[in-house]
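Chain nomenclature is as follows: A, B and C, assigned in order of appearance, with residue numbering initiated at 1 for each chain independently.
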Amino acid sequence: MSEATSAFSNQRAVNIGFGVLIVLLYVFLMAPLVMIVGASFTNGLLIEFPPQGLSLRWYVEFFDRQDLVDGLLLSLRIGAVTAIVTMTVAMMAAMAGQVISGRLSGWFQLGMTLPLLVPELLTAVGLLFFLYKIQLAKTVMGLQMGHILMSFPYAYVSIAAAMRQVPASLEEASASMGATGWQTFRLVILPLVMPGLAMGGIFAFINSFDLYTISLLLKPLGGNTLPLALFDFLTYEFKPTAAAAATLSILLSILGVALVQKLVGLQRAF
Amino acid sequence: MSLRNPKLFLAIPAIALIFVFMILPITNMVDMSFRTPGQSDPFGDDYTTMHYDRIVGDAYYWGVLLRSLLTAGAVTLLCLLVSYPIAWHMSKAKGMKAVFLYACIASPLMTGVLVRNFGWMIAAALNGPLNEFLLGLGIIQQPLRLLFTQGLVILALVHVFVPFMVLPINNALRNISPTLIEASTSMGATRRQVFRDIILPLSFPGIYPGMILVYVLAVAAYVTPALLGGQMVSYMPTLIIGELTGTFQWPFGSALAIVLSVSTILVVGLFTALTARLMERSKA
Amino acid sequence: MATVEVRDLRKRYQDFLALDGVSLKAESGQLVTLLGPSGCGKSTTLRCLAGFLEANGGDITVDGESILSTPANRRGFGVVFQNYALFPHMTVAENIGYGLKLQKLPKSEIETRVKDVMQLVRLGGLGDRLPREISGGQQQRVALARALVLKPKLLLLDEPLANLDARLRDEVRWLIRDLQQQSGITAFYVTHDQSEAMAMSDMVAVMKQGRVAQFATPREIYQKPVERYVADFTGEANFIACSSVMSVGEARYAVTAAGASLEVAGVPEITGSAELLLRPEALELTAPAAGTFQGTVTKSAFLGAALHCEIALADGSILKLTAEPNHQVETGEEVGIAIDHSHTWLMPEVAP
C-alpha cells in the first residue's frame, strides 16, 4: 500500500516537473518576441524591457524615418509580387506533380523544395554571380528573382498538399459531364484548392518579407528592404524605433498565422 | 504515367526557375572558386588552385571552419533537447489547445530571423531580463556581458531553429499508434522503459530530418553571428559574405563556400551512416 | 439507344498487360456486367470506355462508329464512380446541374430537369444540401442522377454499390436496374459481387487476367460455365474429377465420376480431362442406397433458411450441399446423394 502511494506521488512529481519544463520552453520561444513588442512602447530613450512608461512615440518616429519607411515599402512591394508569381508557378507545378507517379514523384517533390533545403547563403552567393553575368546584379528585378526562388517552396508545399486532397475521380467526373480541361480547373479544382493556394501565397509573402542574407547580396543600388534597413539601424543607432519596426513585422506574422488557421487550420498546415 | 500527358508541361516554369536560378548558379560557384583574382572585375579569366591552397595552408581558416562546424553541432543537439519535450507535449494536445500550441510554434517560424535575434539583443542587455533571471536564480553574482559572445549566438540560433525540429518530431510522434504503448505496458514496461524502447526509436524518422535540416541551416547561418557575434569572432558565413561584399574577392569567397559545403556534406554523411541501422528499423 | 462494341481491346502498363484482347458487345438498352476479382481488367475496360484511359490496341464502336479518338468530355457517356466523385463544394442540385450548366442551357430549363431527375431518384427536398451533409445512399443517388440528367448514350457504373451497407445495396441495386430499363440506356456495370451481376444484368462478362473468360447471359454463366474459374466465381460449386469421358452426342458425354457412371450435358468438344460441376442446390440427401453417390457427413451447419452439409465421398472428394433445414443429420452418418440431372454440367479444367 505505502509502496503504491509513493510510486504514485513520484509519478506526480515527474508530471509537475515536466509541466514546469514545458512552460519554461514556451517562455524561451515567446520571450524574445514579447520583449520586442514591450520595448516598442517605451517612453524612454533606450531599448529596454520592461519599458520605461508607455507611449507610441517610437511608432511616430518610425514613420518619420524615410530610410525605414522606404525599406518597408520595398519589402511590401517585393513580397506582393513574390506571392503572386509563386502562387501561379506553384499551382502549375502542383498540377503537373499530380500526374507524375512512382519514384520520379519523390525526386520532383525534392527538386521543388530545394531552395528550402539548401542554405540561403549558398543560393545567394551563386545567384549573385549569375545575376552579374546576365547584368541583373544590383537591380530590383534581380532581387525580386531571388525572393521568388527562395519563397517558391513554401507556396509549392501548401498548394501541392491541397491538390492531393482532390481525388482524380472528380476531374474524370467533370470530364464525363462534358467539361473541358479549363472548365474543370475553373469550376472544380480551383475552388477546392483555394484555401491551400491562399495559404501558399501568405507563406511566400511572409518568407519574402523576412529574407535577409539573399537581400544583402542582391540588394539594388540605393535600395534597402526593411530587414536590411533594420540591421543597419541596429548597428549604428539602436533606438526603440527599431523595436517599433520589428513589432510591425511581428504583427504581420501573427496576422499570417491567424489567416492560415482560418483558411485550413494550423495543424494541417504544418 | 504517360510522358505525353500535356499536364506535365505545367511544370516547366517551376523547373526552369529552380534550375536556372539555383542549380546552375550553385554549380557555377565551383568554376568561380578556381578563377584568378580580378583586377577591375570581381574575378579573373584564368584558372588557379591558389584559393584552396591558401585555405588549406592557413590555420586561421581551419579554426574558423572548425568553430562553425562545432557551433552548428552544439546548436543541433541543444535544439533536439529543447524541441523533443515541446513536440511530445504538442503531440498529445487536441482541439483549441493544439491550435494554440501550433500558433506558438508557427509565430516565431513566420517572424524573420533578424527580428528574433533582435529580441535576444534586448534580453541580453547588461541589466536586461536574461541577466536578472540568472541573478535571481543565484547562478551568477554580477551581471554578465552576454552580448557579442559565442554563447548568445548559440542560444539565438537554437531559438531560430526550434520550430524546424519540433514539427517533424511532432509528426513522427503522432504517427506512433497508441496500441504499441498499451501493448508494451501490458508486457510489464514502466513509463521510462516505454519511452526508451518504443517511443524514442519510433520517433527517429522525425528526429533525423529535423537534425539534418537544423545542422545544414545552422552551419550556413549568417544573420545571427553577424548581429550577435560581434567583431571579435568569425564564422565561415560572415567570412564568406565579407569577401564577397567588402573586399570583392569572389573566387576566394567561392572557395570558402565550397569548403564549407563539402565539410557539411561530410558531417551529414557521417551522421547518416552512423544512424542508418536505426533509421532502417524505425521507418514506417 | 446505342449498340456498343468492344473489339480486341488491349492496354499495357510498363511491365503489366492489363487488357489482353477484350471483346464484348452491348445491344441497345442492355445492361452488361463486367465481373471478376480485382486486377482482372474490368475497371480498366470501363475506363477505356469512358475515355479516361487510352487503349494500346483494338477498337470501341458506338452504333458502328469508333470513339477512340473522341476525348472523354465529348463522348456524352454518364459515369458513376465507386467513391461517387461528388463535387464537395457544390450543393446536390449544383452537382446534378453541372453538366447542363456546361451546355449553357437556360437557368429555368436546368432547374426543371434537375428537379425531375431528383424526383426520379427520390432525392426531393435535398437540393440545397452539400454532399457531406447527406447519407451514403443519398450520395449514391446524387451520383446516379448527375449521370442520368444528361441523357447519356451509355451509362458506365464502376462498383457503384461497393461503399454501401448490405441493406442499402439491395435498394439502390433495384433503383439502378429500374431506371436503366425505363430509360432504355445501354449500360456497363463493373462489380466483383456475383449476386449483383446475376440479379441486374442482361449479359455478364466474367473476366480473368485481362481477358473475357465467358460472355453470356447470367443463366448460362451460372449453369453452363466454360471452365472451373467461371463456375467458382459465380457461386458455390462442387467439382468432381471424371476418370473416363466419352462423347455420346452433341455436347453430351458418358462419364465415370466418384465411382458412379453418368450421362451428362457439357461444354461442346471436350477432349482430355474434365470435371463435373454440381451446384449445392442440385444435390439432395437420401438414404445411402437410393443416392447416386454415397458418403459420410463431415460437417453440418444450421443457417436458418437451410442446412449446409459437407459430405466426404469414397474417392476423397468433398461435396457441399444445401439441405432442407429440418433434415436431421449427424456428423459421421452414412448418407446417399441424389442428383438433379438437369443441373449437372461437364467442363474442361481450363477453357481451350
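Basically, a residue touches a chain if its C-beta (ideal position, glycine included) is under 8 Å from a C-beta of that chain, and two chains touch if they have at least 3 such contacts.
Which protein is which chain? UniProt says A = Spermidine Putrescine ABC transporter permease component potC; B = Putative permease component of ABC transporter; C = Putrescine transport ATP-binding protein PotA.
None of the values given here were measured: they were computed from a predicted structure.
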For this session: Have a look at A-C versus A-B and report the one with more C-beta pairs in contact.
Result: A-B
For this session: Return the chain label for which the distance between chain Cα mean and whole-protein Cα mean is smallest.
Result: A
For this session: Quick one: point me to the chain whose Cα centre is farthest from that of chain A.
Result: C
For this session: Determine the centre-to-centre distance between chain B and chain C, using the mean Cα coordinates as centres, and give it in whole Å.
Result: 59
Problem set entry | For chain A paired with chain B, centre-to-centre distance based on mean C-alpha positions, whole Å | 17
Seminar exercise, completed: chain A and chain C have mean C-alpha positions lying a whole-number Å distance apart equal to 55
Exercise. In the complex formed with chain B, which residues of chain A make contact?
Worked result: 11, 18, 21-22, 25-26, 28-33, 35-36, 39, 47-49, 89-90, 92-93, 95-102, 104, 108, 111-112, 114-115, 117-123, 125-130, 132, 145-146, 148-149, 152, 156, 203, 206, 209-213, 216-217, 227, 230-231, 234, 242-243, 246, 249-250, 253-254, 256-257, 260-261, 265-267, 269-270
Exercise. Can you name the residues of chain C that touch chain A in the complex?
Worked result: 50-52, 71-79, 81, 83, 85-89, 98-99, 102-103, 146-147, 150, 156
Seminar exercise, completed: Within the complex, chain C is touched by chain A residues 167, 169-170, 172-180, 183, 187-188, 191-192
Problem set entry | Complex interface listing, chain B residues touching chain A | 1, 5, 7-11, 13-15, 17-18, 21-29, 32, 42, 82, 85-86, 89, 98-99, 102-108, 110-116, 118-123, 125, 127-129, 159, 162, 167, 191, 213, 216-217, 219-223, 226-227, 237, 240-241, 244-245, 250, 253-254, 257, 261
